[in-house]
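My questions will all concern the structure given below.
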Amino acid sequence: MTESMHASASPGQYALSPIVAGVWRLADWTWSAAERLTWIEGCLDLGVTSFDHADIYGGYRVEELFGEALALSPSVRERMQLVSKCGIRLRHPARPAHRIKHYDSSALHIIASAEESLRLLGTDYLDVLLLHRPDPLMDADEVARAFDELRASGKVRYFGVSNFTPAQFDLLQSRTPLVTNQIELHPLHRAPLTDGTLDHCQRRRIRPMIWSPLAGGKLFTSEDVAARRVRGMLQQIAATHGVSAATIAFAWLLRHPSRPIPVAGSGRLEAMREAVAALSVRLDAQEWTEINTAGTGMDVA
Amino acid sequence: MTESMHASASPGQYALSPIVAGVWRLADWTWSAAERLTWIEGCLDLGVTSFDHADIYGGYRVEELFGEALALSPSVRERMQLVSKCGIRLRHPARPAHRIKHYDSSALHIIASAEESLRLLGTDYLDVLLLHRPDPLMDADEVARAFDELRASGKVRYFGVSNFTPAQFDLLQSRTPLVTNQIELHPLHRAPLTDGTLDHCQRRRIRPMIWSPLAGGKLFTSEDVAARRVRGMLQQIAATHGVSAATIAFAWLLRHPSRPIPVAGSGRLEAMREAVAALSVRLDAQEWTEINTAGTGMDVA
Amino acid sequence: MTESMHASASPGQYALSPIVAGVWRLADWTWSAAERLTWIEGCLDLGVTSFDHADIYGGYRVEELFGEALALSPSVRERMQLVSKCGIRLRHPARPAHRIKHYDSSALHIIASAEESLRLLGTDYLDVLLLHRPDPLMDADEVARAFDELRASGKVRYFGVSNFTPAQFDLLQSRTPLVTNQIELHPLHRAPLTDGTLDHCQRRRIRPMIWSPLAGGKLFTSEDVAARRVRGMLQQIAATHGVSAATIAFAWLLRHPSRPIPVAGSGRLEAMREAVAALSVRLDAQEWTEINTAGTGMDVA
């Protein structure tokens, strides 16, 4: 692990680790708090110091489970960055007032959700808070007021969005500074490569975070024809590099000039290690294209 | 009707009433000039002080019919704002030179069309002139010259467009100031919510005007499955608010943070009153989403 | 031929001739060097002083064939502008290292490709170098460095792109100045008229170059229903102007306010003359629309 693997912990400068740990499924792993802490410390030891949350993960339960683990060893908080999200309201027994799944980007909800994330995680601040989905009713001035208030109070250091189009990003960015757009990208979902999303990130020097870097596992399990083609190519290239196919899948993402930050969401530390290993692999343009072309099923134009 | 319902009549400041009266079908109503004046005055009394025209409405006849009514009571002109449009050339007996329906955004046509609108309406100025449709042959510098000339001569105070994409708007806006983009939006046509059109309006603080706020009546008459779903939801929410379903359809539009200005086009003053009533209804995010989801047929992501 | 037909040869000012000669198929014409020179001089005499190359044309052979002709009469170089392209790597016997057709916008490749173009063409400079296709892996800072180096050394005077979306163009333009985007446009491929590409060109006052102005010949040979409709309309309008249908096809392009520069790629000087003749034809809006509508099969909205 190189020096550059370590994210700055300075509050004055935004930085995430080059691979982020996603805790989407943490509740599913049915671990004790001690087991959770072991996994967290394992990630930290790998240089994966940033953890990606959302208020709604695990049916509103993951932040609390993570917070219980942190409480066992409070000093680990200083070695990590915490990202969370808000803005989706699920139909869920824990939220009986919700008649329908909907978005809420009101200042009231953003601030209340961020404060609840702090309480559940047992921390004083989030490093980054993201709006989880583009809300057609997003009032950019109101969101900016909420972000400014959370920033001024020290409760959240940086802000971003997730799943935003360039137009949606530019709207909110026109009112308040944003540091990232967390989007889906993998060889079976390449739209951001051509629809302007990654052009926009690169132009504004905004590093995208990447969710579902392995297509939620489908890269290695789906029998879909495109998935099989991609998998075969990943395996072939993996063999020439002497690494795993998963490592090559992460290397494919890391090769993009927008400098993506993949969110790896496995409870197996070995899988996290395979993600980190990609930082030492640089695919050449032919290898990258072979994987891309396996995804599209067509030669380049 | 509140103070804020009244649009400023000051020539130095652009403002339309929050609900605009559309006169698209005025010729179809087959009214006498006195009946037209009664309707106009009824709108004004409701706070609907802006009237939305186009040169082509009613087969090039509506502006003249409206002008005849105005001539019966010239002082009403000072209580209203007149919007008109130009740029479409219809195949029509009144325009024998037109071999084919086409667009014309030449300076010559824009100026001639605006001057003809003034003559037919019997007024010295238009408050707002819109380019009716994006013309692939629009020369933005030439349109800007035409607008500048009309503005300098006092014949038109403000300019806008209709049915423009953000790219088309930005092109023309780069040459001359625009105050609005009049677009179609209703629960059965929601593309502007996600294709960047309304993001662009909000970002530039351009209030969109909305044509077909009730889908040209289809919201209440179509037996299409989506229309039936939307109608059922509008009725259900209307019952809880003690207003009409049409009022809720307007409230759905007014809820958007880009602050849309719906164009209501009914000859029944009661229908205009239902539109105005929406100014006193604020839908919450769940109600708004229930209507939106009835339109899409899918839960939010 | 009018004065305005002549492009400026001054190195300080970017200008191409209003019709550009495309040499895509030069190798297919199986001419002697002397025959190639005769064609080149014929183009120059018509005012077609710009020649559009790419490293890959003719399987990496066209630049050399053109250079052989130039070598027979070196002074013609001063009367012409040379455009070339780079960034595509073909699978080809001449490039055995290429396992797969792919893009390469690395600084190393751009500079090496431009230098090879100079060597094959037997010239000291290119007037314009274009990136041939949008490369998902394009690092805009790296491309800008390559362009700056080529500009500083005098090897290339101006830079542009081809087949770029507005988002891709804006990304690269944010790092280095671009003078054109060479795109496909003809009555059977009208997407750039509405997808923002030409709005973007006009807004930034970037004159697009147009490849396939005659749909690669399909306008006059395809039995596709849209092609037949367009062909019939071109012939009808051609008759009223007393020119050829091909001339009208070029006039249709030239009518656009973004001031397109068509690339005409015929070995027959008579065909080049038909393209040049379009500079003296101005279609009116109805004629332009009749051709456009023949392409779409639908009336305008």
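Chains here go by letter, A, B and C, matching the order in which they are written, and residues are numbered from 1 within each.
The rule is short, and it goes like this: contacts are C-beta pairs under 8 Å (C-beta built on N, C-alpha and C of every residue); 3 or more make two chains touch, one makes a residue touch a chain.
The model shown is predicted, which means the values in this text are computed figures rather than measured ones.
Any chain that touches chain A and also touches chain C is listed here: B. As for how the two copies chain B and chain C face one another, under half of their interface residue numbers coincide. Rotation angle for the C-alpha superposition of chain A on chain B: 120 degrees, rounded in steps of 5. Here the CA centre of chain B is 42 Å from the CA centre of chain C. Residue numbers of chain A whose C-beta contacts span two or more other chains: 166.
On the side of chain A, the complex with chain B involves touching residues 88-89, 98-104, 106, 133-134, 136-142, 163, 165-168, 170-171, 174. By the touch rule above, chain B contacts chain A in their complex via residues 166, 190, 193-194, 196, 198-200, 202-203, 255-257, 285-286, 288-290, 292-293, 299-301.
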